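Worksheet: the structure to be examined is printed underneath.
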Amino acid sequence: MTPDADIKAMETVAAEFAERASGEPALVVDVEGFEGPLDLLLMLARQQKVDLSRISILALADQYLAFIEAARKLRLELAADYLVMAAWLAYLKSRLLLPEAAPTEGPSAEEMANALAWRLRRLEAFREVASRLMARPQLQRDVFARGDPEPIADIKRPQWSATLYDLLSAYAAQRQRRALAHVSVAPRKVWSLAEARAALERLIGRTEDWHELDSYLLTYAVEPALRPTVLASSLAATLELVREGAMEVHQHSAFAPIYVRKRHAPAAGSAGAGNGAPSGID
Amino acid sequence: MTALAERRVIPHDELQSRSKRKESEDRAAASVRPEDLRLLEALLFAASEPLDEKTLAARLPPEVDLRATLRALQNEYASRGVNLVRVAGKWAFRTANDLSWLLTKEAVVPKKLSRAAIETLAVIAYHQPVTRVEVEEIRGVAMSKGTFDVLMETGWIRPRGRRKTPGRPITYGTTEAFLSHFGLESLSDLPGLEELQGSGLLDGRLPPGFTVPTPSDDPALREDEEPLEPGDLDLGLAPPPERVEE
Amino acid sequence: MTALAERRVIPHDELQSRSKRKESEDRAAASVRPEDLRLLEALLFAASEPLDEKTLAARLPPEVDLRATLRALQNEYASRGVNLVRVAGKWAFRTANDLSWLLTKEAVVPKKLSRAAIETLAVIAYHQPVTRVEVEEIRGVAMSKGTFDVLMETGWIRPRGRRKTPGRPITYGTTEAFLSHFGLESLSDLPGLEELQGSGLLDGRLPPGFTVPTPSDDPALREDEEPLEPGDLDLGLAPPPERVEE
C-alpha cells in the first residue's frame, strides 16, 4: 500500500469507528461500547488477512498510527488508552527500525513485538470461546425450566431476602449520592504521566524503561497546552516514588533528560547497575 | 388436594400400571403424531400458567389435532407422578394427587426488602447507635412508617437505648439475626471506606473528609445513651406504631 | 443438538420412536420400581431449579435406588419434549433443545450483555480463579463498573477468595447458576476449552506457581488463594448457602 492509500484506508476505518461509537452518549469513544486499543489492533490485524501468528507488527503499528492521525483529522475524541497505545507503538516502531545498538536491559524490540502478537492471539482466542459459549442453548432463552413450579418442602428460604451485596451497594450508593450532592467534581483535564503509565501497563504489560517512552507519551497522550503541568506533576510524583524506594531516577546534567525506572526487588538481581547511578537530582 | 381430582376430565385408575399406560398410548398413537406430543408437552411444561385450547392451538403448527393430542398426552401421564389436568377450562401439569405428601410442607415465600428499607438498614448498620432523625439526615429523606415497620419485622434491627439529648430519642442498632442473615461474624466485618472503593461500590471521586464509620454493635450503651425503660423494651417485638414515631 | 447429547448420561437416538422408548423402559424397569419413578418424576417436575442427589435422596423412601431410577427416568424422557438433564452436577427437567422455536413466547428477554460483559465472563469462566487485574490485562481495557455490576447481577460470577500476592486481590470464579444457565454439567464441558488449553494461551505471563491452566469452580481454594474475610464474602452475589437451592 502506498502511504496515501494507507491514509485513505485508515480514514475509512476511523469513520467506521466513529459510527460504531456514535451510539455512545459520552464524548469518550471507549468504555462501554467499544473495546479498547487491543480491539482496534485486532480489527486492523484482520485486515492484513494473515494468520495472527504471522502478523507484521511493524505494519500493524503503521496502520494504527495512521488511524490515530485520521481520527484526529476527523476531530474524533479518542479515549486516553488509544493514545497511550499510539505512543507505545511509535516507540516500538522506532526501536524495530533502528538496529539495536547494544544489548540493553529488558526485552528486545522483537520480544516486545512478539509479546504484542501473543496478546492479540490470546484476546482473539477468548473472543472465540466467548462466542461459542454464548451460542450454547441458554436457560429461559432456548431451553426452559418448569414454568409453574410447585413448591418443594425441604428447601428452606428466609422470609426476607437481601444479600450483603444489596446492603453494601445500597449504603455506598446513598452515601455517594449525598456526597456528590454537596460537591461537584469538575471533569479533569490534566492527565498525569503516572496515569498514562498505569494505562500502558494494562495495555502492554510491565515495561522496564520509561524514560524514552515518556517523551512519546507526552507527544501523543497529552494536550499540548498541558504538557508543562503534566511534566511537573509527574516529576513530583516520581520523586515521591523514589523516596518510597519504588523507583529510581537519575539525570546526567542539568536540563538533561530525566531517567526513571522501576526499582527492582533485590532478588531480581539486576538492581546493581541502577543502584550505582547517582540518584540525586534537584 | 381433593380439588385436583375434580379437575380431571378423564377419570382413570390412580394405580394403573406402567404397562396399562402403554396400551392406552398405543390407542392414542393411532391418530396422534409423536412429534406433536413432544411439542404440546414442552409448551405445557414451560408455561407459567395453565393454557387454554385457543392459546395452545395458536402456538402449535396448524395441522396438529389439538384435542386428540391433549387426550393422548393426558393418557400418557395419567399413571405417572405428574398428571395433565384441566383447571378452569385450561390445561396444566400438576403433581399427582396421591403424591401431595412429597410436597406438603409449606415453603416460606421470600420477600424482597424495598430499596428504602435496605438503605435504611445499611445506614443503621454502619452508623449505630443511631436515632431515626439521624438516619433521615444521612439519607436525606424522611423515613416512612412502612419502611420502619418492615425492618422491625425482619428482626434485624432493635431499639437499644435512648440518646441523652432533648426529646430522648430512641437509638437503634442491629441484632444478632442481622449478622447471621448476612453471614457476618461481627459487625466489624463490614467493609470500610477503602474496601468499598476497592470493590467499586464507591467511586474514587469523593469529597475530602468523606468517611465511613467503623461500626460496632456492642450492646453496652455508649456514654450518650441511657437504657430503655421497661415499657420500651417490647418495642422491638411489637412496636405500637404511634410510640415508635415519637 | 450435539450439545444436548453431551449432557445426556445415556446416549440415544434423537428420533427414537415411541415404541423404542418403551423397550428401554422395560429394560430399566427390571431394576427400578415404577412407583419410584413416579416419586422422582413428581419431585423433579415440581421444582424449577436443579436438585442434587442428596436432596432427592432425602425426599425419597430410603430403599429407592436413586442412581438407577434417575437413569431410567432420563431414558424415558430422552426422546420427549421435556428431558431430564444434569447441570452443575444436579438434576432438572428442561424442554428439549430443538424446541426453542416453539417457546419464544416464554423466553424471558434478558438484558442483553454487552460485548465487554460477554468477554469478561468468558475470561472469568475459562481462566478462573482470576483477578480483576488479570481480566483487564487479557482484554487490554479497564473493566468498567457497569460491566462488572451487570455480571454480578446475573449471578454467574462470584468472588471466591484472595490471591496471595501483594495487595491480596480478590479472585473471581463462576457459580452454579452459570453452569445451569448454559446447560453445563461442569466446567470441563466449556466449549473450546481443550483448544484453548492446547494453544498455551492460558499459561504464561503469570509468575510460575500462579499458572491456572484448568479452570476450576471447586469452592476449595487453590494454593495461591486464601479465603475471603466475612466482610468480603457476600460482596459479590452472596447467596447464603441455604438460598442457593431456591
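By letter and in written order, the chains are A, B and C; residue numbering begins at 1 in each of them.
Everything that follows uses one rule, which is that a contact is a pair of C-beta atoms (placed from the backbone, for glycine too) under 8 Å apart; a residue touches a chain by one contact, two chains touch by 3 or more.
This one's a predicted model, so the numbers in the text were calculated from it and none came from an experiment.
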Most distant chain from subunit C by Cα centroid: A
Chain closest to the assembly centre - both centres taken as Cα means: C
Two chains joined by the most C-beta pairs in contact, as defined above: A-C
Whole-Å separation of chain centres (CA-atom averages), subunit A against subunit B: 43
Gap in Å, rounded to a whole number, between the CA centres of subunit C and subunit A: 33
Separation of subunit B from subunit C, taking each centre as the mean of its C-alpha atoms, in whole Å: 23
Junction residues of subunit B, two or more chains touched: 42, 45-48, 93, 95, 102-103, 110, 181-184, 190-191, 199, 203
Interface hub residues of subunit A, defined as touching at least two other chains: 144-147, 150-158, 161, 163-164, 168
Partner subunit B, residues of subunit A touching it in the complex: 144-148, 150-164, 166-183, 185
Of all residues in subunit C, those that touch subunit A in their complex: 3-4, 43, 45-49, 51, 55, 58-59, 92-97, 100, 103, 106-108, 110, 114-116, 118-119, 121-123, 125-126, 133, 136-142, 144, 146-147, 152, 180-184, 190-193, 195-196, 199, 201, 204-205, 233-240, 242-243, 245-246
Contacting residues of subunit A [partner subunit C, same complex]: 30-33, 35-39, 81, 118-119, 121-123, 125-147, 149-158, 161, 163-165, 168, 199, 202-203, 205
Residues of subunit B defined as touching subunit A within the complex: 42, 45-50, 92-95, 102-113, 115, 118-119, 121-123, 125-126, 138-140, 153-154, 156, 181-184, 190-191, 196, 199, 201-203, 205-207, 210, 212
Sites on subunit B touched by subunit C in the complex: 17-18, 22, 25, 29, 34, 37-43, 45-48, 59-60, 79-82, 93, 95-96, 99, 102-103, 110, 181-186, 189-191, 195, 199-200, 203
